[in-house]
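Each remark here refers to the structure printed beneath this line.
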Amino acid sequence: MPGLSFENFQRNEYLVNQAGFKPPRATSTGTTIVGCRFKDGVVIAADTRATTGPIVADKNCEKLHRISPKIWCAGAGTAADTEMVTQLIQSNLELHSMSLNREPRVVSAMQMLKQHLFKYQGQVGAYLIVAGVDPTGPHLFSIQAHGSTDIGYYMSLGSGSLAAIAVLERDWKQDLSKDEAMKLCATAIQAGIFNDLGSGSNVDMCVMEMGKDAQLYRSFMTPNVREKKQRNYKFARGTTAVLRQSVFDIVEVVKEEEIPVGSSDAMDVDH
Amino acid sequence: MDSINVDVGHLKKGEISMGTSIMAVTFKDGVILGADSRTTSGSYVANRVTDKLTELQDNIWCCRSGSAADTQAVADIVRYQLDLFKTMNGRSPSTRLSASIFQEICYNNKDSLTAGIICAGYDKGKGGQVFTVPLGGSMHQHEYAISGSGSVFIYGYCKENYKPDMTKQETIDFMKTSLSQAIRWDGSSGGVIRMVLLTADGVERLIFYPEEYNEELKD
Amino acid sequence: MSQDPSTYNGGSAVAMVGKDCVAIACDLRLGQQSLGVSNDFEKIFHYGHVFLALTGLATDVISVHENFRMKTNLYKMAEQREIEPESFANLISSSLYERRFGPWFVGPIVAGLNTKSGNPFICGFDYIGCIDFAKDFIVAGTASEQLFGMCESLYEPNLEPDDLFETISQALLSAVDRDALSGWGGVVYVITKDKVVKRYLKTRQD
């Protein structure tokens, strides 16, 4: 990636190696992602949980990325890497297809992604399922962070891939219909959502069919809706003790006032 | 790690590897390449239907073993160089040239690559030829070659049973038995047996499923 | 000293969405591990009408703030308008990812109202620029785990500005009281269409 800055690299190396710090944890998608081909198209699906170690950082994140209108990609691994690598290839692929005056191809996206990831020797932690339709037909590929690619009729990636592949291996058959493929992918993702700790919340899906616009189904299934709170924890206004307040008109200070502490019926706090 | 076999432990952490059984055998009419289809990531089978036989030119193919990422990247570069050679010179590159390009890349980048490659091709002048480019980046020509983690189990069998100028069917049977034994004893090899036949008639692809090549699975 | 740099100075921040308003809050502590150094280290900055909380390594908090001050000023000159929260979020994302292999150790939170649509906008980031779009609340800093718990229970959608203030303040107060590295005062901004109210909270001083 041209333009990456290593300005802080030496300082951070010192912090890690000399000062005894350890590097912080980046947001990981944890993730279950799957892809499956059907008669004249391909479908990909993902869960929507993002994690930082054991903490759920985002309960409803988007792991399905658009590379071109009819080429989509599901990402697992380091969340920032999957997002940025996908944005980079999206730009480059659009420039490429404009200079050739042709619709972008899935193999081009795959080749650009794998060459980029190989260059970074696995340091860019993006594990992707790339799928789409182009004038050549429907395609489905997976790419590992080190830059290797696989082709298949069905595949799964991410921490929930074992749960998902079990479902795919059990139910997949040749020449599935579109609805069957969608249902299979949804079931596989749910296996990840319920059995893998790194995956959770909802099922997102994208269907790409020959001769049709790609269809993104955000929240295709929502099997984990939180029960509505029966009552609330709303605090009475004035609960929080305020030392002083100022009112801004966005930038300019309009007025500033001191509130004598203890004059209000403020909540009792330690002194 | 010796000069033939790829040390899987040399792989970078979390890298996808092909702990592989691959071979290529010259025979009367040309050459046949063969491989298992298992790709692993640690103890997990990442792909059970991998195609480790990669086309470089219509008549020149290679078997890949070691890191999937490294071998795919190197094979892509070699294919590009061969295509370039063909357009610049107006004639097809030889099998030896293909292997030489592999050798040069593997030698120059020996510290960062984990790639064990068998390059095989057929042309009217030289017939079927087989070259190996093992880990350090050397190049050797053979009548037949075996490589990958599964190959250690079939050195003896192959040495005893290989004959020069076999027929097509004899060669297929020889390879099927060899690879099935490699798969049988090597945990990192498995799946189907894929073959590519390179002769004057062009390219022929074969696939053998476990029910067929594994005696223990037959009724 | 086997811990990561973003917990060296301590500090936490939180943002919440209300009805046609947003609130963003932070504590005031700056420390060196267990030693408290300052109780007026504000972690919330604003660039035009967009607010940014920066938790993490204090040296980087200042560097990153100055960097965005420059970038948003250049943006203002080029575009002849202030930057909107959505664009600012993407600016942060690409600026942090630019240093993918030599990162700033910060945990930013953006809060603001879009001037055109009037829609509230909040989002958070990890230290290499992965955006966390949330419709409800975002937390960051050394008390982020406590804040997650508080927000999950206290938060409800469509709160009026005054109610949102109480909710975000109580969430922050309770969370930082259970974090040794956060506290020592707090600041809350409640941002509405026509005004921004900044309040300093009365907190424990231990």
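The chains carry the letters A, B and C, assigned in the order they are written, with residues numbered from 1 in each.
Here is the rule we use: contacts are C-beta pairs under 8 Å (C-beta built on N, C-alpha and C of every residue); 3 or more make two chains touch, one makes a residue touch a chain.
Model, not experiment: these values are computed from the prediction.
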| item | value |
| --- | --- |
| Reference subunit B; chain at largest CA-centroid distance | C |
| Chain occupying the middle, per Cα centroid | A |
| Pair with more cross-chain C-beta pairs in contact, given A-B and A-C | A-C |
| Interchain centroid distance [CA atoms averaged], subunit B/subunit C, Å | 56 |
| Inter-chain centre distance, subunit A versus subunit B - centres from mean C-alpha coordinates, in Å | 37 |
| Centroid distance [mean C-alpha coordinates] between subunit C and subunit A, Å | 22 |
| Residues of subunit B that touch subunit A when the two form their complex | 12-16, 39, 41, 44, 46-47, 49-51, 67-69, 72-73, 76, 112 |
| Complex interface listing, subunit C residues touching subunit A | 1-6, 8, 46, 48-49, 93-94, 96-105, 126-134, 144-145, 148, 153-154, 156, 159, 162-163, 165-167, 169-170, 173, 194-204, 206 |
| Touching residues on subunit A, where the partner in the complex is subunit C | 1, 3-12, 15, 19-27, 50, 52, 55, 57-58, 61, 78-81, 83-84, 123-124, 229, 232-251, 254, 261, 266, 269-270 |
| Residues of subunit A defined as touching subunit B within the complex | 111, 114-115, 117-118, 121-122, 144-152, 162 |
